[in-house]
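A single structure is presented below for examination.
Note that the chains are named A, B and C in the order they appear, and that numbering of residues resets to 1 at the start of each chain.
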Amino acid sequence: MPEKDGKDPTGAPLRRPREKGRGKKILLSILRPLKAGLWLSLVAFPLVTFKFEAETRQAHFLPERIPLLLLICFGAAVAFDGLGWLKKAFGPGKRAGGILESPPEGLNRPRLSWVNRLLKSRFFKPASGVLLIFLAVLPFISSPYGVNVYITALIYITLGLGLNIVVGVSGLLNLGYVAFYAVGAYTYAILNAQFGLSFWVCLPLGALSATLLGFILGLPLLRVSGDYLAIVTLGFGEITRLVLTNIAITNGPRGIANIPPPSLFGFDLNQSVKPFLLKLGLIHSRTDLDKVLIYLIILMAAILTVAAVHRLENSRLGRAWLALREDETACQAVGVNRAGAKLTAFTLGSTWAGLAGVVFASQISFINPQSFTFMQSVMILSIVVLGGMGSIPGVVCGAVILILLPEYLRFFADYRMLLFGLLMVVMMVFRPEGLIKSARYQHIYRAPKAGEGDPSDSASGK
Amino acid sequence: MDFFLDLLVGGLTKGSIYALIALGYTMVYGIIAVINFAHGEIYMISAFTALIFGSILSSVGLAGWGLLFAVIAVSALYAAMYGWTVEKIAYKPLRGSSRLAPLISAIGMSLFLQNFVLLAQTPNYLPFPALVPDVPFPAILTRHASDTQIVIILVTAASMALLTLFIKKTRMGTAMRAVSQDLEMARLSGVDTDKIISFTFITGSVLAAVGGVLIGCGMRQIDFYIGFLAGMKAFTAAVLGGIGSVPGAVIGALILGFAESFAAGYISSSYEDVVAFAFLILILIFKPDGVMGAATTHKV
Amino acid sequence: MPKFFAVLAALCISVLSSGALEAQEETLKIGFGGALQGNLATYGRSNLFGIEYAVNLINAKGGLLGKQVELVKEDDSCDPSLATSAANKLKSAGLTLILGHTCSGATRSALSVYANSAIVISSSATENSLTFDGLNPYFFRTTPYDSTQSKLQTDLILRLGSKKVAILHDKSDYGKSLADFTAAYIRELPGKPVEIVLEEGVTTNQVSYDSVISAVKNSEADTLVWGGYYSDGSKIAISLREKGVTARLIGADGLRDNQFILLAGPAAEGVFATGQMDFSASEEARAAIADHRSRHKDEMGTYFFYAIAAAQSLFAAVEKTGNATDLNAIKKHLNEDTVDTIMGPVRYDQNGDIIGAFFKVYRVQNGEYVEYGETAAPALPEAAAAPAP
């Protein structure tokens, strides 16, 4: 092998040509972002440097924008190039989501991602206990604004986990998830306005009505699959919103106002309990106890959801869903009840949306169909995909990031949504599997050693 | 009868616009099985480009049909550039990853492009000039259709014809069909698949640009948000027709256009979209692969 | 679990930032909530321009209660859920005086956040129930409520001698209210001289409005009432003309925006719209306009004077009360004292609505909205001169 000692078969040293290649490589790596920057500037040029004025009906040339245009385009090109380098260095190829079953020796053992390692470590239980206490105390020490943002984040965690059952675990692309969210919210709003039912009665009823709708809508879905399923669910979502806009009981586009916050044993928290707690010095005078209660309720609901979804995933049903995601036909061939699995995934996924909807209605106290647009479905789907499909910690992470990010990007004012969109692209390009890839259970076939019994018994793990 | 014909023309106009956008969705899907969510924004951007270049070109003395076609050409060029760039940034790095990853990056791209236009241009609505010149169409046509409607329908029909010719007769078209049937196989037989994918995005964007200019002429006003609803409807049309199928997209778009138009006329425009979507769901339940979609058989 | 770390990180940031907010106040902070982004930003900015003008004015005179007034701005994009978070931010900052919000829906969800912890004066939220339901005793507004305009529209329909009316709305909170009120007024007319032949919601941002315009044509209506904003209104006006429909178009303040004329072009000619009275003639108003032009390139918009008046009446009431926290005293002054504002002498009724008739009927003539009064020439617009056969 001539390369080994740095000589080619003719005996001439390989150094010179190699250096030449390297020079060219460096030159290319400088030229590439420059070229890209030039291209981006060219693409963005007319829309940035010409502004159409409605009054004069003329496009005006704005030469003062050119330096900024060049700066941003070249900056973006260099940054994107840098990201490409980073991706090569740290991107998915080098990391696996990992498997939870230890493979037999002699096989390469894929590393678990740090999150999955963390979940298995012995510090997990005490650490999560401490954090749980911290989360419970959190609303008492944050501003009402903060509490509101946390409630929203927790609502989206619940929604994300629910949709995760449908999209992440079972692989059914649902673009109309917001319909079930709306049904939950409207169930509470209508039952409260018409019959005066309380939050605590409506919470299960909201979840139930969403479940019921999920079941009814799930039936025709059995006929379609793949992207056709996506478009049918999108249609259901839009129909639900339009019906809410057009019928009388929902008060049409005007929506339903004055939805009360939940009460605790009939007390009005801010009137009767707050002065008492204030006297004890336990809370800040600005703390809104109604919101704190909603926070605690949705925190409990989120924790419950995490536990429930975790149990579901590892159940017989959960494995059927996974099989459904991997291959519908194959899963049917091995005896999984395809229709049953599909219907349960769709129905159970809707339950959480109904639950979250009731809490949302009580948080915002005013709902109208505008709160339940297609964009909301897209947001929830983004949480699942961006966080990591099928991964519970991933979805939680995705929700926290996608809800908190725009809030903290408020600093950038007008550029907020622009950056948000860009970050979504970058995050996806950087980690196409999502932030936290779901850990996969693997069946590992262990070759029977001599003298052992039937090899089929030794398939280990689940 | 007059009312019926009015609605028929209205549906045809709507369907034509949907078809121009739907083709972009269906072609991209046919090749890389990705829902190109940013496609609606390309359409919106071409409308803005048309507005700007319309103003520039008319100030250098172009007018009439020359102006209209020059504007369509320039915005098609820019739409192609945007389409190509979007593919390179948001889709190419994700090739080979899960089906949903490109969907999310497309949604991000769509948000980005919307806000880019909002910031670079304006959040307000802008008046769009009447680029379509006065034509003495025969009275039989203008009885139920306005001049703009006739032009929209004619230009769309011409674009479809050109596209069909392009796909059926040219080398590039043949390569595109090959890639959409089997990407791996096409690569093995020497087709530069990357180039074909880029070219598909370009073709889709050009058609969207034609749609963007026409809608500007039809509605006489645009804003940064027009791409969203039109994109969603067009995507629906593409799926309805059987996603991946070019004639399917056109048929799906026309069905959707007619459904909306007749629902608005005979039922109530409040329920126009409800009827359109209910119709869509019904069709898909009885024909799960769309109107023109080939029934797929799975091998395991 | 990573959730905890993420929330922990988020908390750290929020604790730090809220700490920064606690700095000792040397200025009197007044909140502004409204649409500064999104497609209704024109309305929000129009409010803000007026408020900023009033603030500059009072600061130049030495401020309020001896302190300089500082405006704390929060965007709600006219979205109810964003309004909740904007209102929460303002409430968290301890503000008791709020000017806003822009849109009715957003205002309602913001009001439930303020929950009577602040005086709120809106200069553009017009929905009836905001003041009629009596749930928000500290809420006031300088724009007349929605049904004022519907009443005017109905009078106009009678005056023009219309027989068949089509009513369309954009399915928005604002548009549907207007349409419903007008329909109700028309149905209540004694002797039923006017027939409603079509009453529907229209999907906005469509690629074509031809079908619904065909339906209007088919209904043989001689008048079309549009409940909605100028954006879709102008598309409908153009579509009407292109389809050769002769029905006259009547809109409300959402249509009475110069943007409408700009967008609809020649199709705007002859269109009626009810809208705010023109305040721009007075000395004070001309000074305000000149000041606005010197600072901003954008149009001052529909709500400029309402916003100035809102701020002026609030400042006067706070000055008389002597502090910014005694909400009941401020409310009493707002209700009882007549204050000279840019809109003229102003006070509020017990509901919180401004007292005075500030709405008029306008009509587009030669590319401009002109007041359409009793004295104006009774000639119908050219398009409607020959009613449909």
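Just so it is clear, a residue touches a chain if its C-beta (ideal position, glycine included) is under 8 Å from a C-beta of that chain, and two chains touch if they have at least 3 such contacts.
All figures in this text were calculated on a predicted structure; none of them were measured in a lab.
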Chains linked by the largest number of contacting C-beta pairs: A-B
Per Cα centroids, the chain farthest from chain A: C
Averaged-CA centre spacing for the pair chain C and chain A, given as whole angstrom: 37
Geometric centre distance via CA averages, chain B-chain A, whole Å: 29
Of all residues in chain A, the ones touching two or more other chains: 54, 245-246, 414
Shared interface positions of chain C, touching two or more other chains: 37, 171, 201, 259, 262-263
In chain B, residues with contacts to at least two other chains: 124-127, 270, 273
In the complex, chain B residues that touch chain C: 2-3, 6-7, 9-11, 13-14, 17-18, 123-127, 146-149, 215, 218-221, 223, 225-226, 228-230, 233, 260-262, 264-265, 268-270, 272-273
Complex contacts: residues of chain A adjacent to chain C: 54-55, 115, 118-119, 124, 127-128, 131, 134-135, 138, 141-146, 148-150, 152-153, 157, 245-246, 252-255, 257-258, 286, 363-368, 370-371, 393, 396-397, 400-401, 404, 407-408, 413-414, 436
Chain B residues touching chain A - in the complex, by the definition given at the top: 29, 35, 45, 48-49, 51-53, 55-56, 59, 78, 81-82, 85, 89-90, 93-94, 97-98, 100-105, 107-117, 119-122, 124-127, 129, 232, 235-236, 239-240, 243, 270-271, 273-274, 277-278, 280-281, 284-285, 288-290, 298, 300
Contact footprint of chain B on chain A as seen in their complex: 39-40, 42-44, 46-48, 50-52, 54, 57-59, 80, 84, 87, 167, 173, 220, 223-225, 227-228, 230-232, 234-236, 238-239, 242-243, 245-246, 327-330, 333, 374, 378, 381-382, 385-386, 389, 414-415, 417-418, 420-425, 427-429, 432-434
Of chain C, residues touching chain B in the complex: 37-39, 41-42, 168, 171, 200-203, 205-212, 214-215, 217-218, 230-231, 234-235, 238, 242-243, 259, 262-265
